[in-house]
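A, B, C, D, E and F label the chains in the order they appear, each numbered from 1.
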Amino acid sequence: MEMRKRIEFILEKPFLERLIALLDEMETPGYTVIPAKAGRGRQDPWTREGMVTDAGRQIIVVSFAEAGLAEKIAQRAAEKLGNRIALISLTDAAVYLPD
Amino acid sequence: MEMRKRIEFILEKPFLERLIALLDEMETPGYTVIPAKAGRGRQDPWTREGMVTDAGRQIIVVSFAEAGLAEKIAQRAAEKLGNRIALISLTDAAVYLPD
Amino acid sequence: MEMRKRIEFILEKPFLERLIALLDEMETPGYTVIPAKAGRGRQDPWTREGMVTDAGRQIIVVSFAEAGLAEKIAQRAAEKLGNRIALISLTDAAVYLPD
Amino acid sequence: MDSLLHLTLENLLSPTVLFFVLGVFAALTRSSLTIPEAIAKALSIYLVMAIGFKGGYQVSKAGIDLGLFLSLLAGMLLSFAVPFLAFAMLKVTTRLPTVDAASIAAHYGSISIVTFLAGTEVLKLLGHEAEGYMVAVAAVMEVPAILSGLWIAARAVTDKSSIGGMDNSLMREVLLNGSIVLLTGAFLIGVVTGEKGMATVSAFIVDPFKGVLCLFLLDMGLVAGRGLRTSWKYLKPGLLIFGIYMPVLGAGLGLFCGWALGLSLGGTVLFMILGASASYIAVPAAMRMALPDSQPAIPLALSLGITFPFNLTIGIPLYVTVASRVL
Amino acid sequence: MDSLLHLTLENLLSPTVLFFVLGVFAALTRSSLTIPEAIAKALSIYLVMAIGFKGGYQVSKAGIDLGLFLSLLAGMLLSFAVPFLAFAMLKVTTRLPTVDAASIAAHYGSISIVTFLAGTEVLKLLGHEAEGYMVAVAAVMEVPAILSGLWIAARAVTDKSSIGGMDNSLMREVLLNGSIVLLTGAFLIGVVTGEKGMATVSAFIVDPFKGVLCLFLLDMGLVAGRGLRTSWKYLKPGLLIFGIYMPVLGAGLGLFCGWALGLSLGGTVLFMILGASASYIAVPAAMRMALPDSQPAIPLALSLGITFPFNLTIGIPLYVTVASRVL
Amino acid sequence: MDSLLHLTLENLLSPTVLFFVLGVFAALTRSSLTIPEAIAKALSIYLVMAIGFKGGYQVSKAGIDLGLFLSLLAGMLLSFAVPFLAFAMLKVTTRLPTVDAASIAAHYGSISIVTFLAGTEVLKLLGHEAEGYMVAVAAVMEVPAILSGLWIAARAVTDKSSIGGMDNSLMREVLLNGSIVLLTGAFLIGVVTGEKGMATVSAFIVDPFKGVLCLFLLDMGLVAGRGLRTSWKYLKPGLLIFGIYMPVLGAGLGLFCGWALGLSLGGTVLFMILGASASYIAVPAAMRMALPDSQPAIPLALSLGITFPFNLTIGIPLYVTVASRVL
């Protein structure tokens, strides 16, 4: 059991590839992409029902990483994705590492 | 980077609209709806496979808000949705606010 | 409002039934299964797009439980599922228990 | 009696019923066979769209007459009335909490569109086409039942806090429920576009219809079997039997409606099926909101796990046989 | 004028348009009717695959000629040119930020494949089949518009930081966009397999086509209605009118192309529709990446909520009528 | 040789193969073209249901005879035997860990229903219909291969902790696997309902079948291409060649079965295809549970990325040609 940070990105789907490229580049140990169905922020509510285009939808990316790396990732992502595109959060988590 | 609360609702789908109305009414800065596929609580296990009706399924709503507001929201939601309908949790999270 | 642990499993889908059996056996108060769409770890990236087989995909299981039980569950699951199959994490969460 | 047996056997050996049985078998043996949720929803959208359009098309050919309006009225009344009967039976024969009895009653006042579809197919095989507007009758039989159920609950339940009541979102859920809007909309489009419209879409909504129904019934079998597995414990004998005699009672009332309205044999049978079947799609969600203290698993297991298979296998042939005798 | 009225009325009462209207109605009344995302995507994949294959099949029969290449060229030019016109109109008639105007301009230079499909069906009903290669023209009209939009933004926007620019993933998104690859691929497969291939798949891609289109238009109606509800506030009068006159201008340019190339009436009308329609699938995602400071809701509401219904209901009959007069 | 070439070319230019190629192309160029997971599952459910039902229908016409039982037995034996051969080849020609070799062996003992479908279509085009019960043979060829694979692993792997073993959920996964239950169930329904049943559902499961197969092969191409992109590094030359000669060896064993059983040309070719093809749907999940220390990516990349395309493009015509010579 070790302490890690759980980074959670709620970000616009069209930017997913860019975020993943960033995560790969920073040698994040891993990430998992989770779907989102609907939401609201400062802008209008959105929902995926019946939608074909990827624009205007959010997707969630979760990544567990060591505190130092996690903060660097969050920082870089916030800079690179800039305004309006991602909500980035860090939570403390104890991880039972597989093997 | 600022400290926020991550509120997570696991609630019955038919009540989603009511929860969203509550969140809107309390001027929550935002929320995101995440699908759930199966589960179990005190009642029977459920799964979405092949289901058409919305009854008997859960859905997840995540919202990041300031601690004070978050607690008020959780309180109000627990009162309004009452028993058996929602599991509400609060976690500390550091948020990198997009501008 | 009570303090709980939020256990989050990111595990290979084929082992979901085994994990659920374990959770049931240990009398976990409940769990919720959340889909995942894509990811990367030490092994190759995966994605669900167009896939039919369950092999090579991850799924997420979230369970809120008291600290003591939660740690026991995490421990047992880590032992039983062994290497390469699950990423198990524990986070502190305040839960507003329904009734 | 002989023809009933014959008809029942024939029905039991139709692909539709057998695919349902396959689904139940797969669920009970805990096979990994499942149909994705999005597909189940798409199948039900397809079926509702197709049956609505076909009904409208038939009305466009037959013309709109008084029978249509009288049937709509009768359907609404039936849907209002059945919950009272169901509630009374449940209070007398079971020890269910009042709020659960009211919820079940609402389910039985409403209808199952898939049972209706299966009935249509059986009738078509037998050469008894029904009035096209029976589809519209099906569409109006959801809301009154829910209102009855709520009214019963409001009167009979003492702890008023357990009644969520009729707020805006519930009202919308009930009145503008997806399947009602689609059924009614497709019906009207069928009426308006008539022969021409049918020529446009028949290769999509007529030809593959029965095959799609088989696939959907496979899914319904999976869901019903799974429901039975987890909810069997709630189905005490009194409730179980209710799941079988209640559709027969409902069919009886439907028979009366069909007879009184002078409907064709096909139309009467469909009226019986509407009376006999119980909702497991729209009403469960609505009752969950309206009566949050009721246990949603019970009506679902009962209507989908007992009444639906009963109607599908034995009920429909029974109603056809009875109606042929009476009319 | 009389025939235009007649044609418009006929079109308004076709199942395709009526299902679209049903969708809009359901969305505006906040009905719970929805079509799952996976199904919407599957329907669009089906339609793109079918229209691509059919176009290729027609080319395999007619043979490849110079007209094909000239039409491709003309389509690209049109797609390059329209954004400049659109941008100019927007800058003159609205107070939109430059980056939003550039984004909208790119949307209008590109095309809506569903409008194209609806046009094909209307033409088929009227007995005016178009050149099969018009499908290929549709496929080449997405990329140039995006490039134009970016070029306009790069020149006109002063704060360069708001331009995401053309990185690898965006370039791929634009050039190897799923619907372009599928449309082109299916077209080529249609060309290569010809008569034999068509015999293999026609029961899947030809017969049920119109019915599937109805279902997809129901969904588009739902999405458009929902978009209008949430985004109505952005649609200031100047923008709203743009959503109606811009397709007419685009159709005019398309008419010129069709006439100059000596296309058939059907081909000319399709060229007009390509000019008139605006993208709401591929371009929004690309522009979101390229111009992250633009508001994605505005072009979507405009192209799907105003221009698409306009083209579907009034535009197509209008273009047919005008083209018949001119050619 | 000439006819083989001709047949191969014809096959390569069929819509099914070309849509597969389109999928591979789209995946390798990293196009955004994808088919939603729910749709991919629905397509495979449709195909399995259709092929099962059609096989049953053919048996209902031909009658059940000894050939059916002997073929089932032969299929099981083949499925038991192939993993031993495959394992031996892998141990001799590659340096794969034993547990991975055992897992791959199980995949090759099992079958690919999509390859089977593609074979059926080719045979139909050539006018060689096969025995309907070959579908049932396909259904029994999954389980024995998994058992063989486990048995091999249990004997050959020294570190026993890496063998998950056969617990209840795995046993169920293997025996009551969704596609086996559906294939067998639909087969039995086809047998029972015969001509009448076929009349009911043929517009759904027969007419659009090939078109749906094209769409599914497009998806398989996407998945195979993506798998090749990420897993190419595991496919060392020895393994790569295994992916091509192993199907040929399996086909040889299948040829022997078909010949010994006195099957028709079509039946023999299908037996060859069953021997030649490797699973990429049910077996991967089962082996993942049974042998958690094996790397799931390797057998998947091999069976879907190498053997499947080989069979689809060159293998099937080759098997047809060889069988025509031999029988």
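Keep in mind that, in the parts below, a residue touches a chain if its C-beta (ideal position, glycine included) is under 8 Å from a C-beta of that chain, and two chains touch if they have at least 3 such contacts.
None of these values were measured; they are calculated from a predicted model.
Identification of common neighbours of subunit A and subunit E yields an empty set.
When the CA atoms of subunit B are superposed on subunit C, the rotation angle comes to 120 degrees (nearest 5).
Under half of the residue numbers at the subunit E-subunit F interface are used by both copies of the sequence. Between the CA-based centres of subunit C and subunit E the separation comes to 44 Å, rounded to the whole angstrom. Separating the CA-averaged centres of subunit A and subunit C is a span of 19 Å.
Separating the centre of subunit D from that of subunit F, both taken as means of CA atoms, is a distance of 41 Å. Among the residues of subunit C, those touching two or more other chains are numbered 34-35, 82-85, 91-92. Residue positions 34-39, 41, 173, 207-208 of subunit D each touch two or more of the other chains. Inter-chain contacts, as defined above, occur between A-B, A-C, A-E, B-C, B-D, C-F, D-E, D-F, E-F.
Partner subunit F is touched in their complex by these residues of subunit C: 12-15, 17-18, 21, 43-45, 47-56, 82-85. Note for the complex: subunit F touches subunit E at residues 13-16, 18-19, 22, 25-26, 29-39, 207-212, 214-215, 218.
Partner subunit D is touched in their complex by these residues of subunit F: 36-39, 41-42, 45-46, 49, 53, 172-173, 176-179, 181-182, 185-186, 189, 192-193, 196-197, 200-205, 207-208. Note for the complex: subunit A touches subunit B at residues 8, 10, 34-42, 47, 58, 60, 74-75, 77-78, 81-92. By the touch rule above, subunit D contacts subunit B in their complex via residues 34-37, 40-41, 44, 167, 169, 173, 219, 222-223, 226, 230-231, 280-282, 284-289, 292-293, 295-297, 300.
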